[in-house]
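Two complexes follow with subunit A in common, the first pairing it with subunit B and the second with subunit C.
Moving on to the complex of A and B:
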């Protein structure tokens, strides 16, 4: 057997201290936890759960690769098994974290000037926050679909000329309507790479729209949130 | 007197590879190895846990051996040992329950058991690739393990939890393994792993590995086993034209409904899958594409199911393995609502099986009148059986030599049970 062969590939799990909690809306918050030795690529996710439970849930990493901590953006799910417990935790407490994983990442072989269109619904904006803060994409447009403008979740992180807030329930965003409506009215071209993150219905509809616009499925990358 | 070791293997080719490697190791240590549980000293059950049915089958094999008087050493390994370790240890207190990461150390465990050494299996340092090339196996083809684990996290699948994270075996180990098994006399190697299309050893991906494999200057053919249709590159399609690579892929589809594929968190669309099939059939119009399809996934509507049914008719699959969706705890799909009633799953499963059988006959019919290079793996009762390069079974009414390639002219199709086998005669 050659050198460097992994003896085992068990999923590594560890307890991480909570460094900070930022409440962005009544139901959504950012959990900042110690990084320890976890390296990740922007776009990957971690499984996180309360320290005394057996359940974890997948959360895309919200923070940048170079940050000395890890952040996740959590929306409390009513009657959920994990998010209500996470919401009750306090700074100085602990969470269980599995090592980062996932392929929803920027292809390193693409040119620096590659045009990207990031399309998110709700907390699906999380991996794009990490992409932008990690410096993974310069030439991007982020379409963020929410019900209300208050769900723009720290949108000051993005260049205001590159961020399109689509609000479906009030007229306070950049665009009043769903991201799909915006996409139908605004074409970004067949050479762009489209990254989709959010609920199944949004992703399904965006696929159809992009296909009608002649975009190859090779240029579409999706991460489904449940 | 030689100690006898019985094996029973359930599930995937990776398990078969690992059983073959263990069996070969035991032969080298002086044990007699058989593929049953009669009159044996040690029984090793390599389990599977991919569905509830797999769990049941695995338990049945163990219970059956115990009910038929097996009193020797019992080793339960494989994915069920990872997934239900405590439950198995409680139910079978005299068994050694060995997880996948320790599986390669079973020979040491057995030796230690008979040497009366106290050596719990979890103190052995094993490894998911720590298997010696197998000279004596239960198969005519030699399985070559290149990868283990999976990071895809499909919502229905428990395998990432039991096989762990994706890891790749170093290129040179794989090439050496192939050189050795071809040296042992194998004519065909089967590339196996949990998710082989994600192979990556220090930047060398699956296509680059495959290129190095076909470049080995020895006479053998390569079969790629089950593969996920989510990360093929141009080089891969080019390599499929190489004469050493057999024109067959088990390309897992799971569903032809775009919305179900999203709910399954598969990393491709049906449109993309279809395009891959077209490209494969452009390499060879008779390229054999076999697949897995799940029916009754939570939320699967009648219209979604019809799409899978239409795909079977449209894509001319050589074989479809139909699974009724089986809830696995600790997966995302286990938390999904809109479950499909069991009776409906059974109906859909039966419909799909019928369509798959029609497709299989249709696919195989095109070989009648042609010649295939058949690797004989079974010789009994006056006939021989084997698989041609397209991985279609061929029966020849003549006693031939096992593990030898024959040029066979296909004369017709004969159905045994539900399996339509090609019938042929050897050409001189």
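Moving on to the complex of A and C:
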């Protein structure tokens, strides 16, 4: 703000440079952006929007805490407020990034050997990618529900023995069916901590299954993707 | 130069308006109740309900017509959604975020002059800017009740709410400023002080250990009460169940000046609805807080907020909310029918509970509340309660006020000098949402 210039009507921006864009499918891409002084805990999210736009939206951070950049996994939503604009951006461009917040994090008081079951649908895998890359959980199983195997989104990041790709529309995953079907057939016990991230219907269905399996609500952590 | 201010929405906006008035007074402008004689008219908007936004559009259309025959500057601030802001920029002379209030005189003096401000990027960190806002001394609207903002913004992102997009992230006000403001109000004899914040009990969390916690803040305020002869009650609103700690409840129990009334929004009594609302707590977690309140402060009254007819809310899920209302024995519940708010995450979800069903659910919950609240009020009959007298009652020859637990009381008296005082009232009869009594005497510890 220049001296003597009224502050009215100004547009708030905190611009971060786009360092790289990786297109994973026709509609899904990873945006790597300048970290600047932003620190975060794996599982948290940032509000991101195009420069000079009026909207931002929350995106779970995809990268690791120790990385020198921040990555978000974006799926273009038809008629979305933000994602179509983000898709048009190029490397070297800028995005607005607000500071990381959120509570979908690993409880530091739990023992290192704690069993975690991460259950995601689609790009809801993002916080789990950050958990694993940040070394937040060793004893985990990640159930990733997608329609097609092409939506596995850089699954090489996970230990192949700990990653279960559930494909509902083709038989190319670890399991042909929905994550809910897999969960019904495979119990992980009442002592595990369950982290659910993705669309609300999946979360509600998983919640019912876990409740039926006797899992306490204290052990169920959910982050709804809008 | 005269000014008028229209304040819509919550107590936070009411509190903000007291600071806006101070700034305008400082410019030499004079307040007028008469909107039509004002040269500066401002509006503090609320984006929580569509009705409030509709009112803004109606007002500005009227004011802009007046400009043909009168010198008039209009401004708008408060909770404004990004989409509305772009429209307001064309309708109002000045649009600003509340944290930019200290710069309002500068904006007013240069209004109408084309400047690069509309396009210039703001490099000032909003978290730093809000500190300048808090330094503006408010012009309190009341001589005995005051609101103190202690925290601004929201990190919770409830899916039905647009506040995170209008007020930004959580920022805590420096504790020494809050303590000073409380001390000042107590010295002036204020009887009711309300600490305000979108998530008031998340106070300090954003500072990551560099500021005291909400419990510690209450402890320090409690100590002010313990060292004065003035009787006053300190409230806070609204806390978030996720951050309601046992420590906070213990401190409230410990100090007389910390009011034994807690407003703890539940929104729904169904875990799956709470997940969809992105509330970040379960009914079980909520129950733990209520159990702690009942254990440590058995005399406390409990208020809440509930939304009925949220996207996808089934009959079974609604019934769980009814069960919760009965279980937690609320004295008051602010029950709203869900409506989509542009900008909120749930805007893209179907608003699929029919209006007729929403109305039925609202009516059923209201009946349940009346039953629970009425039983509590009936049990008050025969007991004496200190009451802060707030105004004359609608019933001629009566004054009305509130107990420490914010139960509305009326009693026969023509003595308007009692307004703003804490007096003892013996409760003689009760209805579902209020009680009636007889004045016993002016309480001994009147300030």
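The rule is simple: the second predicted complex is superposed on the first by the 213 of 226 C-alpha atoms of A that agree within 3 Å, B and C clash if a C-alpha of one lies under 4 Å from a C-alpha of the other, contacts with A are read in each partner's own complex, and residues count from 1 in each chain.
We adopt the following convention: a contact is a pair of C-beta atoms (placed from the backbone, for glycine too) under 8 Å apart; a residue touches a chain by one contact, two chains touch by 3 or more.
Everything quoted here is computed from the prediction, not taken from an experiment.
Of the two partner chains, subunit B and subunit C are each touched by A:222. Legend: residue contacts after superposition of the two complexes on their common chain; A:58 is shown touching both subunit B and subunit C. Judged by the touch definition given at the top, the superposed model places A:102 against both subunit B and subunit C. Using the contact criterion defined above for the overlaid structures, shared-chain residue A:203 touches subunit B and also reaches subunit C. In the superposed model, A:113 lies in contact with neither subunit B nor subunit C. In the superposed model, A:185 makes contact with neither subunit B nor subunit C. The interface of subunit A with subunit B overlaps its interface with subunit C at residues 1-2, 4-11, 58, 99, 101-103, 200, 203-204, 207, 217, 222, 224, 226. Those residues of subunit A that touch subunit C in the complex are listed here as 1-2, 4-13, 15, 47, 54-56, 58, 98-99, 101-103, 200, 203-204, 207, 217-218, 222-224, 226. Listed in rising order, the residues of subunit A touching subunit B in the complex are 1-11, 58, 99, 101-103, 200, 203-204, 207, 211, 217, 222, 224, 226. For subunit B in complex with subunit A, the residues that touch the partner chain are 101, 125-130, 148-149, 151-153, 155, 160-161, 163-167, 169-170, 172-173, 258-259, 262-263, 265, 267-269, 271-272, 275, 332, 335-336.
The touching residues of subunit C, counted against subunit A in their complex, run 75, 82-83, 85-86, 89, 94-97, 100, 103, 106-107, 110-111, 115-124, 126, 155, 157, 159, 164-165, 168-170, 242, 271-272, 275-276, 278, 280, 282-285, 312, 343, 345-346, 348.
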